[in-house]
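Next up: the structures, one after another.
Note that subunit A is present in both complexes that follow, paired respectively with subunit B and with subunit C.
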Partner chain A sequence: MPLGSVLLAFVIGAVIVAATGGNPFSAYAALVCGGFGIGCTQGENPALQISNTIVFLIPLITAGVAVALPFRAGLFNIGAEGQLLAGSIACTAVGIKFSSLPAPILLPMVLISGMIAGALWAGVAGVLKATIGAHEVVTTIMMNYIAQWLLRYLIIGGPLQLAAGTSKSSPIGAGARLATILPNDNSLFIFGLPSSVFRVHTGLFIALAAVAVFAFLLWRTSLGYEIRAVGQSQKAARYAGVSVRRTIIVTMLIAGAFSGLAGAIEIAGVDHNLTDKYFTDTTGFDAIAVALLGLGSAVGIVMAAVLFGALHAGGSVMQADANISGNLVFILQALILFSIAANFVGAIRQRIPGLGRPTALPPQMPPAAPLMTEAATPPAEA
Partner chain B sequence: MVHKRFRFLGVAALVLLVAMACGGSSGGGNTKQYKIGLVTDIGGLNDKSFNHLAFVGLEKAKTDFGVKDDVTESHSGNDYVPNLTSFASKNYDLVIGVGFLMQEAMGTVSGQFPNIHFAIIDGAGTDASGKDLGHTNVQSLFFKEQDAGAMVGVIAGWLEKNGKAKTNAHVIGAVGGISIPPVNHYIAGYKWAAMMEDPMIHVLVGYSNDFTDPAKCKGVAKSQIDQKSDVEFQVAGGCGLGVLQQAGQSGVYSIGVDADQKDADPSVIASALKKVDVATYTAIKNVVNGQFKAGALTFSIANDGAGYSVDNLTLPAELLTELKTVQDKIRAGTLTPPADIP
Partner chain C sequence: MSGLGDVLHLLITANLWQATLAAAVLLLLPALGGTISERSGVVNIAMEGMMLTGAFFGVAADLAWHNPWLATGVAMLAGALMASIHAFVSIQFRADQIVSGIAINIFAAGLTVFLINRIYGLQDVGHIGQDALLPNLNIPGLDQIPFFGKVLFQQNVIVYVALVLLVLIHLVLFRTRLGLRIRAVGEHPQAADTAGINVFAIRYGAVITSGLLSGLSGAFLAIGISNTFVPNMTDGRGYIALAAMIFGKWTPFGAFVACLIFGLGQAIYDNNSIIHVSPYLLSMLPYLLTLIVLAGLVGRSTPPAADGLPYVPGSE
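Up next is the complex of A and B:
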């Protein structure tokens, strides 16, 4: 992980806090307490804070993979959010429709339906890219809007609406829910609190498995080799007999499946119904930051997700304890992204061979080209 | 700061001893510092609307009762449960959730912490199907929004009838956020009163399906103004600020909601007031006085928990008289604005 970017962001963040009359030390102490449960002074329960961080980071890992994989093929998937929503919609619809089925059948069904929906959502962008060369940045962003408004339609006045005057769906069947790791019991006390407040669910293991599958796929399979080859140079890949079109479509399908899985896990593990909270969900966009900060590697993604999950959980504690607006967290996230982007090309050159080999660029290319060059050129494959 | 806290602990321990000696009677009085936690919804503290008002009520309670107040803003729906849980797990004396959208989270968390008092604006503690769980530690702070809606409806209807609005085509509009009860109550009162004033009036009702993004509400307002609406009532929180701006740009009148939104745009001629500050303050006062009561507490014109403000337009004396008449009738119960859109 580019630790320098993170450190720089925190230093600038401290300056901002100090300049606005706050105490950066107490702000960061509260942030650490909120994120990791370390050094809490105002009665926070460390176990609860860690639990919150884990709940937040689970979808970030899975969606982060969905951004990182297309990176390797030279594709920029801005549509993780839309794919995630598609996955959560499909998961909910199936979980309601077949709510009476037992868990061993229903749970795989809802997760797989989420993956299929996400894959199809991303697949549209993949097919458009591979056939007519439509830029995936544009198409995935558009697909985000379609997913967001489809969601609004479905739960406000549409077929999934619970009842008139609500903005949510019915809950999914009990068999469609991912179990929490600690029992969901209000009367059992663990770490001094009712065990139901610890919301960490088994989706954590699914997310870790997903990131392992990502690493295996990328480095140990021929498909992974093809993905990396296409990312390095479409021309060279084509000479080597790789079907660039097929690889682009398959990459987007798999990426979408990961995003869709993230959405399905959120429904099955945390919410159990579609609500208006998904109108303001930003997991799919945070995932872009996670993938960038993690430099597209499996371990990096997990570490970056831990950081972003902790920032999310820590933000509220910082506001309550140190009276520093939780918006500082967004400033920090933006600063981290900014400082990565500032040496974006350099970092990408060094660590991800996939995205742009500056030496191979035609000299007339503008500075921003490394990101766009592969993507902007429609494959001329026969 | 630290020193003060230790002193408070000592006093608290003494009070506890005395209380125990007296057989467990809870005699906090001025010696106990109550801890109040406020969780905003996604609108945030600067929504110029009910989150802001809840904070105003909290600040007033801080001045009057010396409570320790802490606020957490929710940045997405993901934050409701953790934010409520955080205050509850730290044994706050009252945890206040602002907004209908937090109902389910309130139901979950209040079940986990039966010994902590909760209050929720515009809602109750519900399960995932929206059914009130009836937890005995949750107080629901409801409003008769239709009372406030009716007052601004009188203004809009009167202006149309007497040709004192802009285009005077007997068309007015209301832009709601999401079609949920608190929003529809406002619109119900508005439409009912406007029709009472001007029988020829046509009231356009639209929803943006959003509470945060002004651009979305702007679009709905624009289409209503294109249909000759010249008084636009916003009932969409932060999103609705777009309605006020659009009215200003199109040169028609607008009406604010929840708080006095006079300063949001020059086009704002009045605001329908939902006194969330009064409700929040009352809830805190009850806890401090040991009078917390679960269940619904409703605020209306009758108990000064709802009303209206006159903003950037000098209203004719005749209209002011009419407003006073209607308000008195609603207060006396001889006029009852409907809760459902007529």
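Up next is the complex of A and C:
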């Protein structure tokens, strides 16, 4: 993980806080407390903070995979957000419609329907890229907004609205919910709090399974080989007998399934219904930072998701304890993106004698240029 | 009255077309900016963020000085500063321009709310008095023309500015030496460099211009159409502008036509008491239409050849 980029982002973030009259040390102390439960001064419960961080990182891992996989094929999926929303919508719709079914049937049903919806959402971009050559960045942006407005329609005046005047859906059936890891019991006290306040849920295991599937798929299957081959050089892949078009479509379908799963897990594990919270959801964009910071590797994605999960969980504590807006987290995230993309750290190292060549290279990612020029010419079939 | 009759009636009201033009201009300014930036070879998906930054600093300046003109200048400057980050990172450091664009948008969304919190505390930003907003301007005489007077000559001052800029940018891009240079840099930077054109300077200028225009649009939104700043108030308009740029095939007038189509959707949305369709479904239309254009159903939309390609001096 390019730790130098993260460090640089935090230094610049501290300057921004100081320049606007805040105390960066207390801000970051509150972030660490909120994210990892370490060094808390205002009586926060460390176990609860860690639980919150895990709740945040579950969808980040799953959606991070959905960005990292297409990267390997030379595709930039910035539509993870839209695919995630499609997954949440499908999960909710199925979870309401079949709410009376028992968990062993309904839970797989809602998760799989989320994956299918996400796959379809991403598949549009995949098919347009493979057949027409339409740039997937542009098409996935459009699909993001279509999903956002569809969501608003569905729960404000549309068929999923709970009641007039509300902006939420009815809850999904009990059988569609992911269990919390600690018992959902108000009378049982764990770490000094009722165990029901710890919302960390079994979606964690699904997320870890997803990242394992990603690594296996990429490095141990022929599809993974084809994905990497297409990412390295479409021309060479074609000579090796790989169907570039098919690989592009399949890659986007799988990526969308991961994003859709992330959305379904959020509904099944945390919210249990669609709410206006999803209007401002940024998980799919955070996932881009997770994939880039994790250098597209399974371990890297998990570590990056821990960092961003902790930042998000820490944001609210920072707001409360240090009176610094939790939005500093987004500033830090943007700075990390700039820093990785521009490889500032590498540039700094080169200027300092003795450090030699930069070791932290930006993640393996094709430059935008060939993607952009290919927009004019659809990939030829072998 | 019902159904088709209502729609037809709505379409012949001057009010609808007046609103359409205003809504179109809001999108046109960042779309023009995107067109200039991408014509020079720098992919720009950061109009949303630059517009949002412009909107915030426009409101902050207007609240402080009660001067909409000064505030508009500040908004444009703020947009340009955001753009220069994009330029610095993607031209100087050859960063992936899409990552940089996403980072700008996240940065703007975070920074504006962070600053509201630092400057105004937890309360909202506050409202700007009527006298400190960008004014409407009726062109004497012309505004009395039936129908067209209302549509074209009873508009906010920014609408006239934008229409002048539209023509100006079209002429500069396609009728001047500077425009030829911008397009050359976007199509084949190596050849342009060989011909003595400063590729970096042209690209910096083009990206910063896109920031100025997006900032102006942010000011129009916040202190012309609205009178305050709310978090994420651009609500995807920068991305619709991106769609308009593609829809318009990277030409100013093409983008304007797209903006008019999208603006008409917005105007119908605002007059939705007549047409009984969810405004949320209508909001999908710009994105759906752009997908259809991209799918090649209405002709191919092709970006400049070197769009997105960082220029490395001396490279092949």
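Throughout what follows, the second predicted complex is superposed on the first by the 348 of 382 C-alpha atoms of A that agree within 3 Å, B and C clash if a C-alpha of one lies under 4 Å from a C-alpha of the other, contacts with A are read in each partner's own complex, and residues count from 1 in each chain.
Assume a residue touches a chain if its C-beta (ideal position, glycine included) is under 8 Å from a C-beta of that chain, and two chains touch if they have at least 3 such contacts.
Note that the structure is a prediction, hence the values are computed from the model and not measured.
Subunit B versus subunit C on the shared subunit A, clash or fit?
In the arrangement built by aligning on subunit A, the partners subunit C and subunit B clash.
Is A:165 touching anything from subunit B or subunit C once the two structures are fitted on A? First, second, both or neither.
After superposition on chain A, A:165 lies in contact with subunit B alone.
Which partner does A:325 reach: the first (subunit B), the second (subunit C), both, or neither?
The answer is both, since A:325 touches subunit B and subunit C.
Considering only the touch criterion stated at the top, classify A:292 as touching first (subunit B), second (subunit C), both, or neither.
In the superposition, A:292 contacts subunit C only.
If we overlay the two complexes on their shared chain A, which of subunit B and subunit C does A:280 touch? Say first, second, both or neither.
both
Check the residue A:43 against both partner chains and state whether it touches subunit B (first), subunit C (second), both, or neither.
In the superposition, A:43 touches subunit B alone.
Between subunit B (first) and subunit C (second), which, if any, makes contact with A:141: first, second, both or neither?
Second partner only.
For A:152, select first, second, both or neither according to whether it touches subunit B, subunit C, the two together, or no partner.
A:152: touches subunit B and subunit C.
Going by the contact rule set out at the top, does A:76 touch subunit B (first), subunit C (second), both, or neither?
Only subunit C is touched by A:76; subunit B is not.
With the two complexes superposed on chain A, say which partner A:180 touches: subunit B (first), subunit C (second), both, or neither.
After superposition on chain A, A:180 lies in contact with neither partner.
Can you check which stretch of subunit C gets into subunit B in the overlay, out of 79-87, 205-213, 223-231 or 241-249?
Among 79-87, 205-213, 223-231 or 241-249, the clash with subunit B belongs to 223-231.
So which positions on subunit A get touched by both subunit B and subunit C?
152, 156-157, 280, 282, 325, 327, 330
Which stretch or stretches of subunit B touch subunit A in the complex?
Touching subunit A from subunit B are residues 37, 42, 70-83, 85-87, 89-91, 101, 104, 108-109, 111-114, 128-130, 178-181, 184, 207, 209-210, 212.
Show me the residue ranges of subunit A that touch subunit C in the complex, using the header's touch definition.
Residues 16, 20-22, 76, 78, 124, 128, 132, 134-135, 137-139, 141-143, 145-146, 148-150, 152-153, 156-158, 280, 282, 285, 288, 292, 324-325, 327-331, 333-335, 337-338, 340-344, 347, 362, 365, 367-369, 371-373, 375-376.
Please give the residue numbers of subunit A that touch subunit B in the complex, ascending.
It is residues 42-45, 48, 52, 55-56, 152, 156-157, 162-168, 170-171, 186, 193-194, 196-197, 199, 270, 272-273, 275-282, 312-313, 315-317, 319-321, 325-327, 330 of subunit A that touch subunit B.
What part of subunit C is in contact with subunit A in the complex they form?
Residues 43, 45, 85, 89-90, 92-100, 102-104, 106-107, 109-111, 113-119, 232, 236, 239, 242-243, 246, 278, 280-281, 283-284, 287-288, 290-291, 294-296, 300, 302-303, 305-310 of subunit C touch subunit A in their complex.
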